[in-house]
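Chain lettering (A, B and C) follows the sequence in which the chains are written, and residue indices restart at 1 in each chain.
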């Protein structure tokens, strides 16, 4: 893999490679949030909190415990999933926007915790994290994550996630233990956030609490909703668009966030269900092949 | 003793007695109707049987087990399927996926076996798809299996709800106003369909319905509720001629 | 000492309450978490600053001016960013649109004013009254009195006027209300106007009290006020008032007696605890699931 990265860096501009790495990391994170919020319909606005748990855990495992890269990544993701379990528990009793508030509060508490966390360098952050995350590592993991996401969402568990989003009472009448599955969807989402966080830490080699603030959580939510809730291609597209947007908008320099904000509003007005929210392969195929089918029938 | 028995079930909502000491005995493989004016407590009764409400007092027994207090998903897994008065489909899922979700309670693949595509999971998925398609054929929705559920007509949606409930392989099926919103010919085919599934799947069917024609035609036993109380219980002929029933309900209708 | 902290807490809490009212009123009617609400509060603070420093107006006149300005700002935002989406898709799309507005407004202000904090000019001589061991500044008294007046005014508006009645009807059931001949769009517009005016009042008073305004002041204040609204029971107007005051007091006491480095965590910690113990908030009603 080192060879591949060496080759790539010879032929591709470092800046583009950097953007591609960020896109890969964001896809992993956004697909996690897509499971919790897009598919299962549990509005989570604290995704960056899970990301920070994964990032700090993985970084500390690498620096202080001398764990190999894969071990640290897995450790970070598992720690995040553990917190996902804890945060999923209140969903047993809370609904809708109360849950959103809990997730915001959770992420803020985590951020303040890291601001005061001695081994994490407090507000100064944690530096000297070994640089292990490369283009090929990120994209290998991203592709595995995408494939597993597709498998999960087409399975019995994935279908019941969608069912919970669509109608909880009907889901229970179909024998679905909704509380258990909601907690599970929180854990899966958090696991991927932690994984992305670990990759991020080992890419930037430096992390600080302000990297994982409320606006970061909002960025991931934007990716999922903009792309199309519960749609994997949609989430990927949303991630690519929203990761590229600030870069493309660099031409307009300090106005770029202005455009970014306006873009969100305009996109929601014209594509309220997200870019790919109501697009299915089945319908596309039907449209493309409908002519041939008709002539064959007649 | 039948497949489902209710013993002195009462349900109170903030001082309001929605059900008052109701006892029922539903015999195996019968079509049992529950009728009564609006607000008589029919849907409440369904919600108690399926575990959405826990009754204030009384016992619900299904196949000899007490099921009041058992959560709805476990009630479903024990073999009680239901439809809803105000249709509750998974609107943004395909017709086929709606039925596949219905299989959830009787299948068991977990998250890891799905991620790694273990052979058991694949086999189970195949079975689910096959059975769901068969059920859709039964209700004449196979051709529309890839449509979104909310694109179906009202009558089709009611049929899809029944197919989804049947996916659970229930022994007891609760139908909440299955004929609501259907025209005369749709009602006729619904009646044949209900009888058919009872015979083919060895089902017991408990149904709430407003349409007297439907109820009198297919039910073998009928209970009448009025203001939360059971005022009559028996075969259609007997109920039809019951004085209390005529007074409080049928008389008004006719 | 304790009493003094309590007064500090009530002062902070009453500004939370003013912002929280806007969240809760909008949420009560269209179930939208209006994330741009914190930015309206920030714009209110800057509008007040402009009126005081450039036009040299009296602070009370400036307060009213800022409220009027934000009233129109709130209505404008609703018209442009929320109304076109309403009813067309899930509530989340409207939420994202609100986030877009929030980013847009804070960036806009950062472009106009720069990202540094601006100080409010000295608007009046601040007296400190000594009541026994309690030190009470005239500013605190003004904030508490103005907030109380605004909240009483809001209650009167909601309970006694035609538009208040229409608002209550809409928050019960928007569809039924519009079938009864209530112009739902207009009611929603007024709701944004009133909520935004209250937030502006909060903004001006916070600006004066802490003597600082900056373009990103709305984010944390908005989050805390939303927390206050949820704490009180979202959708409930008395709930927002009680939630705001409770959160302000507990936060100040927490900082005073526990640790100041965990200041921002305290509010959310309390919120999570309360919600786990009482999922519908302090004043919220428990809704039985309808099947």
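The criterion applied here is as follows: a residue touches a chain if its C-beta (ideal position, glycine included) is under 8 Å from a C-beta of that chain, and two chains touch if they have at least 3 such contacts.
Just so it is clear, the structure is predicted and the values come from calculations on it, not from any experiment.
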| item | value |
| --- | --- |
| Most central chain, Cα average position | A |
| Farthest chain relative to subunit B (centres taken as mean CA coordinates) | C |
| Chain centre separation (subunit A, subunit B; CA means) in Å | 40 |
| Subunit B-subunit C separation of Cα centroids, rounded to whole Å | 48 |
| Where subunit A and subunit C are represented by their mean Cα positions, the distance between them in whole Å | 31 |
| Of all residues in subunit A, the ones touching two or more other chains | 169 |
| Of all residues in subunit B, the ones touching two or more other chains | 52, 84 |
| Subunit C, residues touching no fewer than two other chains | 289, 291 |
| Complex contact set, residues of subunit C against subunit A | 27, 31, 33, 80-81, 84-85, 88-90, 92-97, 99-105, 107-108, 111, 219, 223, 226-227, 230, 234, 261-265, 267-269, 271-272, 275-276, 279-281, 289, 291 |
| Complex contacts: residues of subunit A adjacent to subunit C | 37, 43, 90, 93-95, 97-98, 100-102, 104-106, 108-109, 111-113, 115-116, 169, 214-215, 218, 221-222, 225-226, 229, 254-255, 257-258, 260-265, 268-269, 272-274 |
| Interface residues, subunit A side, partner subunit B - complex | 148, 151-152, 155-160, 162-163, 166-167, 169-178, 184, 188, 230, 282 |
| Residue ranges of subunit B in contact with subunit A within the complex | 50, 52, 71-74, 76-77, 81-82, 84, 88-94, 97, 100-107, 109-111, 114-115, 117, 121, 124-125, 128, 146, 164-165, 167-168 |
